[in-house]
Amino acid sequence: MALSSETIAKFSRVSTATLTTQLFKRGLRNVFIQDVRRMSAASGNLVGEAFTLRYIPAREDLDQLSVFENPEHPQRKAVETVPPCQVLVMDCRRDARAASGGNILLMRLKVRGVAGVVTDGGLRDSEAIGKMDFPVYGAGGSAPLNLAIHHAVDLNVPIGCGGVAVFPGDVIVGDGEGVVVIPRHLAESVAGDALEQDMLEQFVLLEIEKGRALPGTYPPNADTLARYRAWREKRDSS
Amino acid sequence: MALSSETIAKFSRVSTATLTTQLFKRGLRNVFIQDVRRMSAASGNLVGEAFTLRYIPAREDLDQLSVFENPEHPQRKAVETVPPCQVLVMDCRRDARAASGGNILLMRLKVRGVAGVVTDGGLRDSEAIGKMDFPVYGAGGSAPLNLAIHHAVDLNVPIGCGGVAVFPGDVIVGDGEGVVVIPRHLAESVAGDALEQDMLEQFVLLEIEKGRALPGTYPPNADTLARYRAWREKRDSS
Amino acid sequence: MALSSETIAKFSRVSTATLTTQLFKRGLRNVFIQDVRRMSAASGNLVGEAFTLRYIPAREDLDQLSVFENPEHPQRKAVETVPPCQVLVMDCRRDARAASGGNILLMRLKVRGVAGVVTDGGLRDSEAIGKMDFPVYGAGGSAPLNLAIHHAVDLNVPIGCGGVAVFPGDVIVGDGEGVVVIPRHLAESVAGDALEQDMLEQFVLLEIEKGRALPGTYPPNADTLARYRAWREKRDSS
Amino acid sequence: MALSSETIAKFSRVSTATLTTQLFKRGLRNVFIQDVRRMSAASGNLVGEAFTLRYIPAREDLDQLSVFENPEHPQRKAVETVPPCQVLVMDCRRDARAASGGNILLMRLKVRGVAGVVTDGGLRDSEAIGKMDFPVYGAGGSAPLNLAIHHAVDLNVPIGCGGVAVFPGDVIVGDGEGVVVIPRHLAESVAGDALEQDMLEQFVLLEIEKGRALPGTYPPNADTLARYRAWREKRDSS
Amino acid sequence: MALSSETIAKFSRVSTATLTTQLFKRGLRNVFIQDVRRMSAASGNLVGEAFTLRYIPAREDLDQLSVFENPEHPQRKAVETVPPCQVLVMDCRRDARAASGGNILLMRLKVRGVAGVVTDGGLRDSEAIGKMDFPVYGAGGSAPLNLAIHHAVDLNVPIGCGGVAVFPGDVIVGDGEGVVVIPRHLAESVAGDALEQDMLEQFVLLEIEKGRALPGTYPPNADTLARYRAWREKRDSS
Amino acid sequence: MALSSETIAKFSRVSTATLTTQLFKRGLRNVFIQDVRRMSAASGNLVGEAFTLRYIPAREDLDQLSVFENPEHPQRKAVETVPPCQVLVMDCRRDARAASGGNILLMRLKVRGVAGVVTDGGLRDSEAIGKMDFPVYGAGGSAPLNLAIHHAVDLNVPIGCGGVAVFPGDVIVGDGEGVVVIPRHLAESVAGDALEQDMLEQFVLLEIEKGRALPGTYPPNADTLARYRAWREKRDSS
């Protein structure tokens, strides 16, 4: 079952920091993709279900330029088959010495309505990517083509990305800080609670700015919570 | 004895590069906090005495969200007790897989008049931090809350930060390049000599821009030094 | 024999990504200097032949500030002797804990007409470097002077830089993504083929933006190539 | 309260592998000290409560050979004050470029009746250590004296060692594979369950050697458990 | 088609060093599994076709001890289904913080007639493994059970192991130095040429021991080759 | 001037640990070659002057097997030209993914009367090396031939090895712990003082074994020194 538009809307409004707290509450400590950053000009959150592509180390006799003449090459096939509104997540074994894609493939994904891209490898054409209005996360600019280091091997299997398990269908949320992986079965509950937490923390931040001390404010005691509810009511009714 | 305002003023005008040279002259080669960068919108130098917070690896049974209900939790207590004009320096064992703080705690520190923050761990809410006019140095944006990896354990003890020894009271100076640690007993002498060196190097740079060669100019010979003194007199009297 | 101005002009117009593909076609997979990025405000490509400077680890008794009084110190001599239009490439053993230079030396290189600088060590005064209109690539800002970690030892010998072999005279090309090393004997052929590839890929990108799928477009089939030739003729004649 | 001799006896008979499983069952996943190995000729398990020594990075002006003339130097004081039957655990920030001790200090610890030593730094005189009948675990032989890299700073505070939290009084168990840290409050329960698990796994291993397949044997089903109980009864009564 | 017994016999007599040279001649430079060593008492070469098991990072809600009650758990299923005379090769993403197996599973593999095991993760019960007469290669002893870090996910797909691509059916050869991966289609040709090379190098070593200089001997010139042929004839006929 | 036989004899009797202390006293903190261990069956100390060989990263078009047909190839030339009683020290940029030599070259060096070999790269044929009675230090067994990763480039220039500066003629001393580099001009003084220190520490160890506490014994006070002198006189006269 696809994510509901309500859930997507909630994920669009919360930070990855808040999401890690909600997942921590549920016993999950390793949910933030490490050593990956937003490389494009997109603002706003990346939200979508994961569609995966897996690479293993390259082998010189297999990884020749001619492989791209075959439309079934897994990298090229991934770009053509990841469904709209999903996120292409690539497992490059955290090795950024070569690219896992470049601006032509990213443009194709954008045109196809894909939600965005996450890779723990490098990306080439990073200057052009830096100007794209399309959510792209990676380990940094790296000119060498993927064949120099990576061999694309299969689609939509469970992978590791930046040290985190990613199963096809897991929810991927990215903001300016990075990318969180939310197990599919927790998506609705996490989205709701995260939105609540984010609103409360907005209020807490305002209180702190006004000069309140941490004790009683963060985490909030009953008094702070009462003020929060008043603030929120006022805000919702305005 | 607190740093004099003259010394603080001097440190505010010199670069961390110059400070490392002055410390090198005094036999100290390991004074630059490694793998840490300015993460906020502050310009100008961070200057202040170190107040420290130490983390060890987290333990799942101890590091639960409920710990923050205790105002004596060392991280929260640090934020409330670091004296104004001092710098909170955190030892996260150079591990940036989780945050050592976020924008609410940083806002509290700013409101309290603390000089700034240095951590060799990550910081969450890095997009918001990026807009704060408050000096914040860390190993990068990292969404997971500190409890996922770090256990706050004590305040104002000697620590390591980015591979450098930091004793409470040492002088911390940060600029756009990074952060230098100056042993407290050397602060006045280093501040004075660094300011002299910085002014001389400004002059040297002008000379180099005009086309002079390095020999005789950098380092300066007697002739260059004479011209420097003339330039400086003129400048001071204008 | 110096590079022809035609070859230089071609290298000025192609991306490092394209160059790695051309070198890959010729059997060279390890040509992109790793962990180095553009640190200055220069735009456009860095192009020039490599002139090298080699460092080994520092030794406390040898690496004292007084060494700079000797104009024959290899670092200082390198700055004064690298020929105009060539690129100073430094081997710091990929260790960025200290600088391999700062803004005074870089200014001297700029004034002398040197094409640019590449180092796999750090650079100090990185805020000032960030504003220089001179191509500078390095492993990041690092305040400590070179003597703290590095001992300059000889000029214009083959070196490693960022994991890549660099021979004096090899062609160095840098863009916003990083730096590629082109063996001297391949320079002309790579420059020509890279320019062709870059133009074709510009056309492919336009086609993809218009909605064409990858198969038949990237890599291009006969039909796409025909359209490409028409596009290019039209463009060249306009 | 000191560990009972029964608990110590149990820990002496179980493997660190089994202990990690028991701690995993209790929600603790990070309990094995990483990158540390047995460096001495001791056989049998190291068992004892942790007494800690903490190092921060060295500072050249503080860390001179003369410091050892002061019997209050924390490293030397630790060696003289760790109680008999306890384990000296050292936090060297996982940096083995220098030693955290050598054979003279280890001999003193042995003579004093200390249970053993664990460090995530190096140890010097490793050839001599290799012949000592005293449990010593470290990151490997490293000749440089501690002052070159490490500054001993305090005793018996919570530390990190090999990426694991160690609180004074935690139980340290080492075998030929490495070292596990057991939180003090779990010691008795873990010891008992681990001994049970170890005995069961001895039986399972015998069954596997005889040719049984994994399903039903490992983990054991009711039938295997029945055979296990028979085997154990027979063994206990013999 | 299975490997012929002749080919297996040849691989049993050559070193991994020689095999890397033969693969280098065929354009393959990345064939030696990095950071893996023989951990058991087996002598002689490991030779067999690869059967693979892939792990991704663990997820706390999925990786509970109860998973082993399911005989379809991929790790347990792998142990029961790898065919006799093949080699179980495991992809642990080069992460040895936890085990990928222990002595019970290895005993089962041995009893089943499997040729041996290679993993780029850790192995637990390493003391017992050290005494097993069964070829086991891994990244070292590591007590924590696999569930702490690794999630077993599928069988007999292409994997990376120690930075090298491994396809099911590739030939795995291990000696006291480590493990080489030979693409299946090259196995016969590599085995033959390697055996020739190894014999020649035995002769060269004897010559060098007698005092011959490298030039003309290694690589051998016509004269040395003539002497080699004589030596070999004599040896073969004796 | 060659090392005197007296100095060589002294270096043969002291530990690398003691040598690092003597160099520390002279202001040198970075003298122990990191990540290198004795790989052969030699016992006793390696002592000799350094003769160096430098590698840079390999380049596929240059590093073909045919290069060894040229007796001027730097690796082969080094093996034939390092003078007897000197030590061949190789700079492999601390990269052990490939070998920097194997048993044939080592045998040639042994036959030629070279004192030993130190490399911060790998060595192939490590099983055979493990049985050689010839001092060999390296970063571990690594089957791939040097051409896969390393390009030999020049002889007897200053190099880095394991993070330490090595100048031709520096004294290399290796024991079971590792290798220390002693600047040539300090050799005589360090040898003498180290021998004194080693003898004193032998006595201290005996005292500690007898039950003396550290204070007053290590470092020794006047009383301990008096007993030491008596012990030594007795020993020397026996």
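Here are a few things to note about the model shown:
Residue numbering begins at 1 within each chain, and the chains themselves are lettered A, B, C, D, E and F in the order written.
What we mean here is this: contacts are C-beta pairs under 8 Å (C-beta built on N, C-alpha and C of every residue); 3 or more make two chains touch, one makes a residue touch a chain.
This structure is a prediction, so every number in the text was calculated from the model and none was measured.
Against reference pair B-D, the listed pairs B-C, A-C or A-E yield one interface repeat, A-E (criterion: more than half of contact pairs the same by residue number).
Set against the C-alpha centre of chain E, every other chain centre is closer than that of B.
Work out the mean CA point of chain D and of chain F, and you get 32 Å between them. The centroid of the Cα atoms in chain C and the matching centroid in chain F are 37 Å apart.
Contacts with at least two other chains are made by residues 29-30, 60 of chain F. Chain contact topology: the protein chains form a pattern that is neither a line, a ring, a star nor a complete graph.
Inter-chain contacts occur between A-B, A-C, A-E, B-C, B-D, C-F, D-E, D-F, E-F. Those residues of chain F that touch chain D in the complex are listed here as 15-17, 19-21, 24-25, 29-32, 34, 37, 175-178, 180, 201, 204-205, 208-209, 211, 213-215, 218-219. By the touch criterion given at the top, residues 26-30, 56-62, 93, 151, 153-154, 157-160, 163-166, 183 of chain D touch chain B in their complex.
Residues 60, 65, 68-69, 71, 76, 79-80, 97-99, 102-105, 107-108, 111, 124-127, 130, 141-145, 147-149 of chain C are the ones touching chain B in the complex.
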